[in-house]
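So the structure is just underneath, and the comments pick up after that.
Order of writing sets the chain letters: A, B, C and D. Residues in each chain are counted from 1.
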Amino acid sequence: MSQNSDLDFSARVRASFEKQNAMHLIKAVMPLVEKGFSEIHVPHWAGIEQQHGYVHGGIVGMIADTAGGYAAMTLAPENASVLTVEYKMNLVAPADGEMLIARGQVVKAGRTLIISKAEVFAVTGGKEILCALMQQTIMVVQGKAEK
Amino acid sequence: MSQNSDLDFSARVRASFEKQNAMHLIKAVMPLVEKGFSEIHVPHWAGIEQQHGYVHGGIVGMIADTAGGYAAMTLAPENASVLTVEYKMNLVAPADGEMLIARGQVVKAGRTLIISKAEVFAVTGGKEILCALMQQTIMVVQGKAEK
Amino acid sequence: MSQNSDLDFSARVRASFEKQNAMHLIKAVMPLVEKGFSEIHVPHWAGIEQQHGYVHGGIVGMIADTAGGYAAMTLAPENASVLTVEYKMNLVAPADGEMLIARGQVVKAGRTLIISKAEVFAVTGGKEILCALMQQTIMVVQGKAEK
Amino acid sequence: MSQNSDLDFSARVRASFEKQNAMHLIKAVMPLVEKGFSEIHVPHWAGIEQQHGYVHGGIVGMIADTAGGYAAMTLAPENASVLTVEYKMNLVAPADGEMLIARGQVVKAGRTLIISKAEVFAVTGGKEILCALMQQTIMVVQGKAEK
């Protein structure tokens, strides 16, 4: 009965996200998961700032990496895990504003490797400004147990 | 009399690091700063883990980015700030062990751009295993005030 | 009277392309230049192949780099030159087919740095397949003379 | 008695290089192959220049990609082929001088993925200047036939 239904992949991905302590630490949430897509939000709060009062570029990288990785996981087999092989970020504007939104999207899904990209936007008063751009390689690993 | 002495650059860089709330959040410290080099340590604790119990790849990215950035800052003029333009991480082994050490090093320092690289090691019982490799472009910005 | 008209930027960019011997060597042409955009075509011929008979990944990189760079040049001041600071390619499918098309597009244009991206497609019988994805950082240099 | 002797891997890698038409096109040679390492040389000639008279950044990328890829191939099984998944180049100085040398080196060799890095030097009167820095992900593919 276990079809890989929309419900299945979404529940799998959300359960994995919940186990990522680092996402909780920075107060990130994942309000949206679709086939080949995921979205992560993080409020701008003092704890994640760098020395100019913007959100730290490494935090921007964290949510971009995670959004791309979970976009990939939606297309991986049920019993498989995904690991980041590499990612590359361009930080094109300061990560300022009230919150950040990272949108991850699969570009090409192979059996072993999945290529994703992500964009991160800084949101102020409902207006989004692109602040980062990412390309990423994800590896699909069979039977690697999560916590 | 204000030569850019070893004392000067080291104090400047350490003061900037202290203003990075995100570094405190993940419990990172910067025990070593030299001309063109910096080292950041972070203990492996539950709050920075991902779903397999390893340190989150985004955290690995954060400390690599920061180590490379401060390596660059040691070579920037006294009144200048440094901003990350882009970075690229290869995660070559799980970030496991008792602590992580990121070593950032300047490859080429120009007036406007500084190219750095970093390696991140997972340390267990004093033994270091390479877990990540980074290349990075840093921009030197005159007169950008820190907090 | 020298407005930076459409005619101006297009002529400037095309003149620069003509001076790129390496583009002639691989038989590349640039049929399209618009504000923030450029397109480079290269036929699939034996001289640019790698060991499996596909177009060499480095050639794919060359046309992606060049397409992104000239997209950036369309937004640079008249007397300025553009230099590639860095680029990152993901090769997502073999570069096979009758010809390759690289489409470069500016993501964010600053005074000193311009961030571009490019996609490369392999074309067979009019059908395009994505074979590469690039992110790139370009530096605007005032008064650097071309040949 | 086909051990994977030094002779074997070197002959395999050199035979593969010979099939890369694109390497012949740009007049590149591979004078050195060792376990986990390869070196590619290309003379500075007019046909590979860009608009300022330097060697084209894409050519620099080609030889860095190829040097890293063949460094990886020395560690792959006899019947396996290697494909570039992605690479990232920082161009840190103009590729000027009499010739370029690309040195590729394996950082971490897994069964499916091999991570390499490369440096490219511009040589003038025997003096080497670093002009580019690369990180790269290579995939090992079983039984993929070369030409």
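In this text, a contact is a pair of C-beta atoms (placed from the backbone, for glycine too) under 8 Å apart; a residue touches a chain by one contact, two chains touch by 3 or more.
In this text, all values refer to a predicted model and were calculated from it rather than measured experimentally.
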Task: Chain copies touching (chain C, chain D) - same or different residues, decided at half shared - done: same
Task: Contact-richer chain pair (by C-beta pairs counted) among A-B and A-C - done: A-B
TODO: Return the distance between the CA-based centres of chain A and chain C, expressed in whole Å.
DONE: 29
Task: Inter-centroid spacing, chain B versus chain A (mean Cα positions, whole Å) - done: 22
TODO: Return the residues of chain A touching two or more other chains; collapse runs of consecutive numbers into ranges.
DONE: 85-86, 88, 90, 135, 137
- [ ] Please name which positions on chain C make contact with chain D in the complex.
- [x] 16-17, 19-26, 46-53, 55-59, 61-63, 65-66, 81, 83-91, 144-147
Task: Residue ranges of chain C touching chain B (in the complex, touch as defined) - done: 85-86, 88, 112-113, 135, 137, 139
Open item on the list: Applying the document's contact rule, which stretches of chain B touch chain D when the two form their complex?
Closed with: 88, 90, 92-93, 107-108, 115, 117, 130, 133, 135, 137
